[in-house]
Amino acid sequence: MALLVEKTSSGREYKVKDMSQADFGRLEIELAEVEMPGLMSCRTEFGPSQPFKGARITGSLHMTIQTAVLIETLTALGAEVRWCSCNIFSTQDHAASAIARDSAAVFAWKGETLQEYWWCTERALDWGPGGGPDLIVDDGGDATLLIHEGVKAEEEFEKSGKIPDPASTDNAEFQIVLTIIRDGLKTDPKRYQKMKARLVGVSEETTTGVKRLYQMQESGTLLFPAINVNDSVTKSKFDNLYGCRHSLPDGLMRATDIMIAGKVAVVCGYGDVGKGCAAALKQAGARVIVTEIDPICALQALMEGIPVLTLEDALPEADIFVTTTGNKDIVMVDHMRKMKNNAIVCNIGHFDNEIDMHGLETFPGVKRITIKPQTDRWVFPDTKTGIIILAEGRLMNLGCATGHPSFVMSCSFTNQVIAQLELWKEKGSGKYEKKVYVLPKHLDEKVASLHLEKLGAKLTKLTPDQADYISVPVEGPYKPFHYRY
Amino acid sequence: MALLVEKTSSGREYKVKDMSQADFGRLEIELAEVEMPGLMSCRTEFGPSQPFKGARITGSLHMTIQTAVLIETLTALGAEVRWCSCNIFSTQDHAASAIARDSAAVFAWKGETLQEYWWCTERALDWGPGGGPDLIVDDGGDATLLIHEGVKAEEEFEKSGKIPDPASTDNAEFQIVLTIIRDGLKTDPKRYQKMKARLVGVSEETTTGVKRLYQMQESGTLLFPAINVNDSVTKSKFDNLYGCRHSLPDGLMRATDIMIAGKVAVVCGYGDVGKGCAAALKQAGARVIVTEIDPICALQALMEGIPVLTLEDALPEADIFVTTTGNKDIVMVDHMRKMKNNAIVCNIGHFDNEIDMHGLETFPGVKRITIKPQTDRWVFPDTKTGIIILAEGRLMNLGCATGHPSFVMSCSFTNQVIAQLELWKEKGSGKYEKKVYVLPKHLDEKVASLHLEKLGAKLTKLTPDQADYISVPVEGPYKPFHYRY
Amino acid sequence: MALLVEKTSSGREYKVKDMSQADFGRLEIELAEVEMPGLMSCRTEFGPSQPFKGARITGSLHMTIQTAVLIETLTALGAEVRWCSCNIFSTQDHAASAIARDSAAVFAWKGETLQEYWWCTERALDWGPGGGPDLIVDDGGDATLLIHEGVKAEEEFEKSGKIPDPASTDNAEFQIVLTIIRDGLKTDPKRYQKMKARLVGVSEETTTGVKRLYQMQESGTLLFPAINVNDSVTKSKFDNLYGCRHSLPDGLMRATDIMIAGKVAVVCGYGDVGKGCAAALKQAGARVIVTEIDPICALQALMEGIPVLTLEDALPEADIFVTTTGNKDIVMVDHMRKMKNNAIVCNIGHFDNEIDMHGLETFPGVKRITIKPQTDRWVFPDTKTGIIILAEGRLMNLGCATGHPSFVMSCSFTNQVIAQLELWKEKGSGKYEKKVYVLPKHLDEKVASLHLEKLGAKLTKLTPDQADYISVPVEGPYKPFHYRY
Amino acid sequence: MALLVEKTSSGREYKVKDMSQADFGRLEIELAEVEMPGLMSCRTEFGPSQPFKGARITGSLHMTIQTAVLIETLTALGAEVRWCSCNIFSTQDHAASAIARDSAAVFAWKGETLQEYWWCTERALDWGPGGGPDLIVDDGGDATLLIHEGVKAEEEFEKSGKIPDPASTDNAEFQIVLTIIRDGLKTDPKRYQKMKARLVGVSEETTTGVKRLYQMQESGTLLFPAINVNDSVTKSKFDNLYGCRHSLPDGLMRATDIMIAGKVAVVCGYGDVGKGCAAALKQAGARVIVTEIDPICALQALMEGIPVLTLEDALPEADIFVTTTGNKDIVMVDHMRKMKNNAIVCNIGHFDNEIDMHGLETFPGVKRITIKPQTDRWVFPDTKTGIIILAEGRLMNLGCATGHPSFVMSCSFTNQVIAQLELWKEKGSGKYEKKVYVLPKHLDEKVASLHLEKLGAKLTKLTPDQADYISVPVEGPYKPFHYRY
């Protein structure tokens, strides 16, 4: 795919797979709108006042149908938007083309190379000579990373004249990042510093991205305020848990058509994602085994009737392996060699390094047979048995299915909209320093309440007397900060 | 699609969508083989003795990957095979082409017209001048029907010279059947009688086909012996129940990406299929409502915490409607008009007449918007709200997903192989009259036992003393005929 | 307890533990009536016509609160009733005393010796000089057995003058039976033959009793007609399944207070009882392992995510063992010695011979520590570890808790009432021979329908057109005989 | 019951129901020890060093078998202990007598009057002339309350000579508290101040007690340090959730024998307790309805397929009502009047004021029929229908069953032991001010890890590289403070 920016008749830039899918994308966006009451409520509540008037928002977040509804909520509130995906496989091409045609500048397609991926990210951040975006919606932190690395390189260049050297790192992906920054330096040595100067803040979607932000906060290197959307209850306890409960079996079925009932499935990690996955597999009739490092999460698994063992214990009998840890080096090539023939190995946690893809790819004599895109059988030379890897080790729910369903993403994305509104409203006020913040509980509760009517729920109202008795306001928030839900 | 038979280089006839998908089909067939231990055991046990040597088998059964493994089990046992699908949407084109290329004559593709469908059925039955097949594998009874109607017409023609008149019926599909028979009469007035003469028997897969057979048995019109595979425990209590528990959510997710959690779902009918569907929806977090006519099944639903209401009661609040009844006129257009916007209506029971597709299609001013193949939004002119119909009212798990998974189909299809073996072995013995038979319990238990090792199970052995105590043979069968499991 | 019959002020015989509990019993009977809509409907429908006018009914069935409602339904329909329990631990003393005081002759208390047990059975059958009962309600077949053995002995005595010799058998319980018959012979050598002459028939409640009846039918020794109530769908698929799902955890909790979550539980047998037990344990958070001899039931367990192993495999890790097989010698003393300290061993299937109580009691040096009635810790001398046996190996739900709850027993007992009515109505008609019969399906469906309203259910009505389409009457029955539910 | 302190032969004070139950209590304590690995590990780890040597501990916490194991863990670590229950119905008399005989001074019996209850509390705090306890284990905060009120009264008395006037309050229970303080003032006007002076701190068990502590902290009136054990993850997410999931059905079954399957159950509140209750009821086959004030908890219920309605909506169809809110005035007498006949109303949340017991008791013409202790039917005069109240509106799992099972209480109580050890170790260090503290996460994780081996679990170990990657120590703690589990 030649990396050339195209333009709509109205002059908006884009780069997508196939513009002819825009009509199909539009139909699915319309269906999704009915399932995303939180976002649609934001349009109703905030649309008339156009709070994002004049704001430039860059998003780096899976370019799916659900994200399309998020983007068009931002534009409905007055924003200008540029978007890329945060995963090489997660773009839904019909969604990308509908948005590119109708609403925002999109640079995303399913099956990007890493080179293409970072090109898209850079395009999404590039608002022309006047600097970068005012706000970033980030997922995993790659947009944030690029700016931070860019600024670092520019400052180093100012100080010492040194330009970034891609050969200085072994990490193939980071080599690409350095190359982009290096090339940017040549055309504009203040490029990322101008971005930083303009940036009001970022709202970050996931555990992984949030962890990076807290590390930067701790080391004092965070360049702008950040809102941690991931730790809104209506995000982490919904999207991570119920989203994965839905999309893990969806991905398994679409990729392999395997009968889950009767199988032995190992879920590595029993955090929110692992809990959702284990629940889904158990309900579908699998015998689930969990691996954990944390004794509390382990004890939770046991209380649900799920044994906690090590991966080594489970290797000989398991049919399905799912990584959900947010850590690396979970399923190694030596594990894979000991698995049953056609054992399925997939990741729904974090990066593709949860599975030792590098070890697998470089294993002497290993043979890769692509059944269909995102479903590969890898055959070991000695045993002639094979394992099945989904989505090349990347997020299998996005690579093999369509990610989380609209309703639960409406919870997550309503948090995003509210976070963006808050950052933008307070842009000059000094309320937010270069730190990481979570949304206050009353906004978290608001996000939930926007999703109740669609499901036919009716809340009970506290009497003032009752509110007084438990020392909360009648209108909430109803729980202390540390409440665990 | 021009209805011309093609031929492989070896001279075998076929008509499929796209021969270039044969490699992909072969890869998926190889995966499925690992999941179908019953069929593979049959190959091991019976392959060497080639029991089907000389037998011609015609199959009319969803031409999927799983069926491909069935077909190649039949050929591995010595049979010659011709095949068509029993549903216009259920063919998997890559499976069809792999079989057409490698193993058997196939006439099937996804998305046949009714005209094409019956053309395929006739092709599968046409073994050339020497008459038809020796054996039929039927699903729903269409191959059986065609022969019975053909014979009836030929006998009438002999008697009275009358030829079948397609205009004599309102039923569009039956008009096609009569046209085929009429055209056949012209070329060979003994065509179907020759088929009947050769035919050893049929093994029938489903409830609907079985019902037709019993009706013919009762009216004395059944022309050859039939084995009712549907009522093997390892078929009806597995395929119908666990198969649908898997493939209903699979179809819903692939067709609509809707979040099932939180939704209200109505399952019409609580037989084996309904039980599987209700379990799947409940486990996915839906609130399930069941409609039933049978008080016993209704009480079973209640014992599982599922309310039993009428469809009318559930209309205003439900998001998903699934028909599983095996009856007709379950969800009528007047029901659909009262549903919520974007309510999903689908059928996993039987024919498309469970849903009033005719009423919908002919509703004045109704507008059909095809989101993607098998997923249509129908908008009513007065309310401007729409409902979403899956697979045009036909079996949604086959139309929108890939049908039941391999493992459970291995149970069903091992029954088919055993039934075909039995019919063929007894072809001259007079053991089977022109009646409907079920497989004896020890064969049913055998089918189950062939599937245990794959799932790591170990059976306990009765001691002779224990066997004596409960009055069963040590090796089984272990249950009386009427045992309900 | 001295075995003397007592009399109420009205002259009715009884022998119960403590008449002062009658008021408590009455209160619980009144609660149970609200939960037993099937029985109460029988009172409403049949009470006015007094169909049992003149009928003497003997019951041998757990003398619980639920049975009290059954007894008073029989008396409300005009019958005279005498009752004993069919298990030495299953009587609820307050129920027994309320019935003894108010409604029928009762001979039953919790904790009978075997001697006392058979004395009670004989009392319940003894209607004075005019012979025995007209009808028997039996559970396990002990009342039926006594008459059959009595008749056999009397005929032998007539023929050869030989009187039964208790020493002729090793079986301690059968020695008692023979003693009773021998003593009866001395006072009236036609005692049991007179009973047989009068008897119209028996309706039998359980799998075990039914098996005995079919064996007698087969050997031609059955002396009177029998209705197999156990195999009504509304009995075996409700009482056995849902009843045990409720009462197994109830018994475990009352007897041991053990936390089920996190434990490993072995369920021996996966029939209806085993399915209910496994479901209950799994839902409570246990890891369940099933043992099975039948490959079909084994495959069902696997489809629910439950591993199938042998008892030997499970010994080292399991905390709870439940026998549900209806067979003998399931958990032997050698198994028990290898269990974890304080493993719980209990039976909910059939007789106490599912567990090797004899082997345990006679194990050299074993020590029994009674924690409380029905909960014993047995300590092995070598390991000093112990296991916990519930209800001395007898039915733990009746011994340690209160048996099945009222609602599900209302299904079972409504079948009993209907069976008794049928036998009595047809007493002279010759409709029933000396064979075993099941109730026709329309009565089975009627039993179910009597229980729907209480749970707020609304059935859908077939249209005549729909009924015609599936070839059933509009009013049912809706299923063929072999339908498995 | 005359309120006279008795003494064991060794001179230890006590007041229990029946010393003859001590042997039975001892047997059950021994069983419980096997189920409480956390406490037994504490004995092994800390017993040799006798860290509580010289410490006086007063406990006010349900005097059950599980608490007995806690008490004997405290004494095994060197403490002297005095104990009372924190609920008038929760004492298990055999547990109380075994502890009174063998280990500690106990003042508790099942079915105390409120007068007796506070007498017991005062006895447990009275360590003789040298002041009160060094440490308090509190549940609900009544021991803490008595000291705070006592100190307040004494200070007021010093200042103004005013003595507390029981007539100054309408609250019957608070009148008793004031009476006790008043009478104490007369004998020793420094009694509670001396207690306060000696007290090192309190560890508090429940939500309700913790809330009181935070209120006192906020108002600056807290007199000594407090450790909030309730908010340890291994307490609130285990005891509240899994404990109630076990003990709610246990209580329902023991109290009413009702079949849960098929019933409609309303759970008021969907916090941890409500989640456990709803899960238990759903799994037992009930249709569950939740009422909630908090939109986030409401949305969680919906994601599990549980409808969220108001109590008013659910009144006409529900059979079982369970309050779990921690608030007051949840089920009012006007609600009860509109319920179905024999609807069950019970509380597992907090105090008896969740249910309007006062309104019920004073309803004109209402009639109370005691079925058995803790199970009352209340009949309304107009409708003649009744409802069934469990445990007089107090905690039904403790009143009608035996509370939470040993294993989950081992988690809670190991937190208590660790909290007490921490307070005692730091008694002079100034580490703890007059504030409320939670245990640090590494201790929380330790509690969990002490419970894994018993359930056969094996943890995975992080490599240093992995630990570094996610920025946690190899040995934990593994999660940030705000992690929700």
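Which chain is which? They are A, B, C and D, in the order written, and residues in each are numbered from 1.
The definition used in the following text is that a residue touches a chain if its C-beta (ideal position, glycine included) is under 8 Å from a C-beta of that chain, and two chains touch if they have at least 3 such contacts.
Every value quoted in this text rests on a predicted model; they were computed, and no experiment measured them.
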**Study point:** From chain D, the most remote chain by mean C-alpha position
**Key:** B
Review point. A-B or B-C: which has the larger count of contacting C-beta pairs?
Key: B-C
Review point. Between chain B and chain D, what is the gap in Å from one C-alpha centre to the other?
Key: 58
Check your understanding: CA centre of chain B versus CA centre of chain C: separation in Å?
Key -> 42
Study note, to complete from the structure: Listed in rising order, chain D residues that touch 2 or more other chains are 242, 261-262, 285, 302-303, 307, 455-456
Exercise for review: Note which residues of chain A are touching chain B in the complex, please.
Suggested key: 24, 27-28, 31-32, 34-35, 65, 242, 245-246, 249-250, 253-254, 256-264, 283-285, 317, 341-342, 369, 371-372, 377, 388, 401-402, 404-408, 455-456
Review point. What does chain A use to touch chain C in their complex?
Key: 261-262, 282, 285-288, 302-307
Practice item. Going by the contact rule at the top, pick out the chain C residues touching chain B in the complex. Key: 211, 215, 231, 233-234, 236-238, 242, 272, 291-300, 302-303, 307-311, 313, 326-329, 411, 438, 444-446, 448-449, 451-452, 455-463, 465-466, 469-471, 476, 478-479, 481-482, 484-485
